[in-house]
Amino acid sequence: MPNPSLENPLRTIWANNGVVINGWLHLPSSFASEIMAHQGWDSLTLDTQHGPYDFSSAVGMIQAIQTSPTAVVARVAWNDPGTIMKYLDAGVHAIICPMVNTRAECEAFIGACRYPPRGYRSYGPTRAALHFGPEYATGANDFVVTMPMIETAQALENLEQILDVPGVDAIFVGPGDLGQALYGQAQIDRETPGFLLTLERIARTARVKNIGAGIFTNSSAYAKKMIEIGYNFVTISSDARLLASAAKQVLNEIKNDAGQAKSGY
Amino acid sequence: MPNPSLENPLRTIWANNGVVINGWLHLPSSFASEIMAHQGWDSLTLDTQHGPYDFSSAVGMIQAIQTSPTAVVARVAWNDPGTIMKYLDAGVHAIICPMVNTRAECEAFIGACRYPPRGYRSYGPTRAALHFGPEYATGANDFVVTMPMIETAQALENLEQILDVPGVDAIFVGPGDLGQALYGQAQIDRETPGFLLTLERIARTARVKNIGAGIFTNSSAYAKKMIEIGYNFVTISSDARLLASAAKQVLNEIKNDAGQAKSGY
Amino acid sequence: MPNPSLENPLRTIWANNGVVINGWLHLPSSFASEIMAHQGWDSLTLDTQHGPYDFSSAVGMIQAIQTSPTAVVARVAWNDPGTIMKYLDAGVHAIICPMVNTRAECEAFIGACRYPPRGYRSYGPTRAALHFGPEYATGANDFVVTMPMIETAQALENLEQILDVPGVDAIFVGPGDLGQALYGQAQIDRETPGFLLTLERIARTARVKNIGAGIFTNSSAYAKKMIEIGYNFVTISSDARLLASAAKQVLNEIKNDAGQAKSGY
Amino acid sequence: MPNPSLENPLRTIWANNGVVINGWLHLPSSFASEIMAHQGWDSLTLDTQHGPYDFSSAVGMIQAIQTSPTAVVARVAWNDPGTIMKYLDAGVHAIICPMVNTRAECEAFIGACRYPPRGYRSYGPTRAALHFGPEYATGANDFVVTMPMIETAQALENLEQILDVPGVDAIFVGPGDLGQALYGQAQIDRETPGFLLTLERIARTARVKNIGAGIFTNSSAYAKKMIEIGYNFVTISSDARLLASAAKQVLNEIKNDAGQAKSGY
Amino acid sequence: MPNPSLENPLRTIWANNGVVINGWLHLPSSFASEIMAHQGWDSLTLDTQHGPYDFSSAVGMIQAIQTSPTAVVARVAWNDPGTIMKYLDAGVHAIICPMVNTRAECEAFIGACRYPPRGYRSYGPTRAALHFGPEYATGANDFVVTMPMIETAQALENLEQILDVPGVDAIFVGPGDLGQALYGQAQIDRETPGFLLTLERIARTARVKNIGAGIFTNSSAYAKKMIEIGYNFVTISSDARLLASAAKQVLNEIKNDAGQAKSGY
Amino acid sequence: MPNPSLENPLRTIWANNGVVINGWLHLPSSFASEIMAHQGWDSLTLDTQHGPYDFSSAVGMIQAIQTSPTAVVARVAWNDPGTIMKYLDAGVHAIICPMVNTRAECEAFIGACRYPPRGYRSYGPTRAALHFGPEYATGANDFVVTMPMIETAQALENLEQILDVPGVDAIFVGPGDLGQALYGQAQIDRETPGFLLTLERIARTARVKNIGAGIFTNSSAYAKKMIEIGYNFVTISSDARLLASAAKQVLNEIKNDAGQAKSGY
């Protein structure tokens, strides 16, 4: 059953020292999102940066997820206040913002998520107030979770300053981009020891400041490793990859094992 | 690479005594369909009967699949000539028609798939001729594969008459409905011995008349069993179920094994 | 909070001798539907007969409504089994079927809503089973509410036979069409005494057989009158009309009272 | 400027002994329809039979066309009353119905377009009454133009009986299907003398009964020929074909004449 | 009847010392917009900032409104030139731009609405020239109405400089954001005396410079008050709120007065 | 047949000293795009700047085109990195970026198209890697073609600096905006001698640096002239204009030549 109150499940899980298990949505289909919402994810993230869709698909996806108690996160395509505010007004619980590399960029992002005087979010929570109730207007500043991404060499250098911007709730590591920046090649679930140390340092730096640490992974095994080194918001794969790999597995079973699927008749 | 010729992959595979491994589409998303199209299915069926979408989503899904060489099948929602013809004009390789229970119903279905004098399909292959080329107009009657469904007690009784309607290329068994009819409960991958015998009888009856035999299954294991008893068009699961089960599996791994996903920090 | 169980709110209200207050949806917008779902209607009916939309808009509207506990009804455009089954598979609580004029037509409609042996609904509750849970498959026959429409002279004549078809849960009177049939002109909320007597006779005939009685009205006043004469499912206006009349009222206030809205500056 | 009155431009042109020049829409795009609406066509027909779209695209196309005074016609995919009524409620001026082969089929079609007692159209002109005004309800029976198609050998035989059904405003010849029926091959703008005589006989038979005669052509030259032999509703090509041929022509000019488009630099 | 000329109704009303009564669109539905367009609003504003939709819904809404003579305004989500130009090319009469706080921001906004040398709008009025005619290209700079928003403390301070940017046609006050800025809480139709004085000062400052003054309100009563203090562009409520309140009112009538809607039978 | 390899047809044509003949898409319809893709264009450009659509329509259009071997280009609405990266992730071969006026703006544009260390494109080629294969990730930097637009007086001044930004593959001249800037009026296919000299100078400046030169034209005649003066990427007209002119021509033929289309009967 949905829980359209202003208790943000992400904050609740973190308050209980838990880890948010987060699903990732690349399929622009409200029905696919609704299927994902029934599998047990704590939250689902609409990846509007690399997923082949934008805001026009998002409202239906959010509605579909909110037939369940699963929390909804939006990763925006860029640090753009107009777009960030649109997702907030549409009723998401959290925003992941890519490519936050400096304190100023982080301040711009956080400000877009908070009403004055804590920020410069424009007032008009059209769907959010419908779904979460009229108390949304006054509660939103404490409700919305902000997650700037750490995914460049510059962000790594500026990590402390970024984390010290008031209102940062969690950081989110983009391991593909970070690997591209550090090693010249994007790779998910990278096992390079130095990279793992960097990931651990990022998480530790955040957690000691009572800030959450999130990351994208491609497998439950790597996600567990991330939890062990301090991450408390782990994404595993995406609906698109899960679909592809499940189909591939079934096809391997039938094609290989059945002698190229020759009819036995 | 796509193969937009009038050589229907279903006919080619069958001519080589092969089995068509067919995927099933319940997600109304051209991107989900495109992902499925790249996994190795011989054909993909748009299930517009039980999938939560209709013709308005189908054209985009067909276009997406036809960026690959995968064949496209449409299961229509009912034995309705206007709708059947729309899917044909949109460029599908085959039609699966539900609830064909009598010779007359089968004739109505086959007629809707064939231009006169072999049927009463109306002329206007708007997208089909764009995709397959101008020769579609004269080649369509031999190109399009027809698959009436056998899924009721009445259809079982009338099996021979249905199969004897000229132009039937394959039958397609709906095991859910057939089980509901025979045992009062729908169940996929049913192992009841009598049911398996019935399935085998259907396949054998079709194949000896040089008619294909198709069926829906939920697993590669059951699909292999079906191939062994004579089916040469086997569907395994659906994109929706594959997505759900892959997500469920990942979540079980992370939630169970990681001690309820408590943060290690 | 939504209540995605197999307890159909319509049956519950009726079991408590209550009246279902039903809203009517002509706006093909999941957001408009969601707004309606938060106002307090017991159920909302997607009017796909006269509303300018079809199944392709319905799934999003159903999802949006099911973020709330409001029940969802679909009025189909015609007594067409393929379409009726699609709405059921999409997860509606009830079907209103127009133009049911004979016992045979009523049997065809009821049969489309029930799995064998009580009918001939095809198995595949794709979204319904996702939303209501796996028990939907076995519980659907008792869950789904059927409402054939009484709206022609012929239906009036055949009223008893129509009501005696097993599985009829309620009838729904179309007062526009019925008035057109009886008086040569469609009119909603008609006060003609003979018409009111006819409406009362229909309701009484249904209710003594323990069958519900539904009707469309344009005002709460007429709806109350209908409740008094035996109706226990009353529709009031539509989202489209409510929007138009609310806008018209505001415009009258500002345009008339403000001296044609001349600037006071 | 649009002309949202109940004066149907088709009836006006015919009353002045004029010919309706009709465009044909295969592109499911309200913007493409709006472009067509500004070029000077007397009417535009949404071909929902062979065009790759259905009702879900139609409302936007109708709205776009009705920013101009161009009349809107819908060709439905089949003689299906629920669908015919939906297009009428959406505000079209006329319906073309395919595959009308007998008097009974024609009566079913005409009845779906007329309110009782002249037919059995269901009352609820949601968008039509918004666009054309409240007088639509009483004026619709005289406003809506009905056009059954003559496109089979059977229809040719039954031509007189079809034309004698009260309420037939015009017939519409499908030359592709009619040629397929008579010569075993669909061909537009067929010059076979016997075919031309047949076309002339159809037009004459209709016109002497004061019934309009419409036809599909692929060129202005053939359309002029049709006007000469009695047709007063001529369709020329389609948006899809016009687009393709205009692109092809430009490409021929640049590719052939520019020496395979080698850079002169 | 639509009036697709280059006479902008906003300019005409203002030239006659009138007040533009403006409706507000939060429902992403071309049919809802068309209903609004027939109620008598002088203009309708697509609020793409707080409404749950974006450009992809806007074209259909604009087309629907332009079946009527109602003017169309777009409030963009942010002061972003690419987006502003897209709405202009789509054929709106005016742009409301949020969060214009400095002279430089205002210049950027105005420049995006004007072709060189008066600005830097890019040439390509694809739909605008279709709808308004070929003279749009040369007339657009005088046709398009620009409305920067005054809704922050900073904007209040910079009011004179903002108003002095050449090309500002009207300002538009966002009373929610302005109240949030000044009183720490957003509230529409605020009666705080100091706030009313501020609103009056803004209007007066604009009007003496022959610049229009617009504002958002939630009621005709407050709108009249705004007209009295100098506003000549008043928005009243939104389609979403009008729908909700009309439904709520009907439900109160039926639920309260009918004894909790118990069946009288 | 499609050619989903990492050999970019634009680079291949240019390597062979050929000219890319490019079509232009203003119709937001995947079917219209697919029709265009079959006519022989070397590439098709989605003009999301002036076309009445945005990213939400683009994926379907790209999929439709990629059922053919035609290359796909996106003109973005503005020099916005988040949007540019979305089109790249969706699988286009090239980006045309409007209003690039300085070296810094050009660097920002090029950087958005290249992964580090050559730029700052974020990693996540969701659909691109599906379509072009897993090697896309490492090959993308050499695959993607970048085309900044030269269309202002400022850009003309800064032409050399813009061209010298590493990674510029071709420039694209916007003759409408450039004419507006230089002559105060937008005009396509302008014959002013000074303008032609300017166009030639731009092309020559680019080509001597081994950079391509592209331009928009309205006719094959002007396109040939552009090829002669050094352009090797020529756009001719748009789908919208081709449709309009083809319709207009047919209507002129039938309306003028047929005596105002009076019925000959």
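The letters A, B, C, D, E and F name the chains in turn, as written, and every chain counts its residues from 1.
The rule is short, and it goes like this: contacts are C-beta pairs under 8 Å (C-beta built on N, C-alpha and C of every residue); 3 or more make two chains touch, one makes a residue touch a chain.
Quick caveat: nothing in here was measured; it's all calculated off a predicted structure.
Participant: List the interface residue numbers of subunit D and of subunit F, divide the shared ones by all numbers used, and answer same when the ratio is over half, different when under half.
Facilitator: Over half shared, hence same.
Participant: What chain lies farthest away from subunit C once each centre is taken as the mean of the Cα atoms?
Facilitator: Measuring from the centre of subunit C, the most distant chain centre belongs to F.
Participant: Using each chain's Cα centroid, which is most distant from the centroid of subunit E?
Facilitator: Most remote chain from subunit E, centroid-wise, comes out as B.
Participant: Tell me which has more C-beta contacts between its two chains, B-D or C-E.
Facilitator: C-E
Participant: Distance-wise, how many Å sit between the C-alpha centres of subunit C and subunit D, to the nearest whole number?
Facilitator: Comparing mean C-alpha positions, subunit D is 34 Å from subunit C.
Participant: Cα centroid separation between subunit A and subunit C, in whole Å?
Facilitator: Inter-chain centre distance comes to 40 Å.
Participant: Could you pull out the residues of subunit F that touch at least 2 other chains?
Facilitator: In subunit F, 26, 28, 31, 35, 38, 52-54, 56, 59, 80, 83, 127, 240 touch at least two other chains.
Participant: Which two-chain combinations qualify as touching?
Facilitator: A-B, A-C, A-E, A-F, B-C, B-D, B-F, C-D, C-E, D-E, D-F, E-F
Participant: Touching subunit D in the complex: which residues of subunit E?
Facilitator: Result: residues 1-4, 30-31, 34-35, 38, 59-60, 63-64, 66-67, 127, 130-131 of subunit E touch subunit D.
Participant: Under the touch definition given earlier, write down the residues of subunit F that touch subunit A in their complex.
Facilitator: Counting only subunit F, the residues touching subunit A are 54-56, 59, 80-83, 85-86, 89-90, 115-117, 120, 122-127, 137-138.
Participant: Inside the complex, what are the residues of subunit A that reach subunit F?
Facilitator: Result: residues 26, 28, 47, 49-54, 56-57, 76-78, 80, 83, 98-99, 151-152, 174, 176-177, 180-181, 184-186, 240 of subunit A touch subunit F.
Participant: Help me check something: in the complex, which residues belonging to subunit C touch subunit E?
Facilitator: Its residues touching subunit E are 17-19, 21, 23, 26-29, 31-32, 35-36, 38-41, 52-53, 203-204, 207, 219-221, 223-224, 227-232, 234, 236-237, 239-240, 242-248, 250-251, 253-255, 257-258, 260-265.
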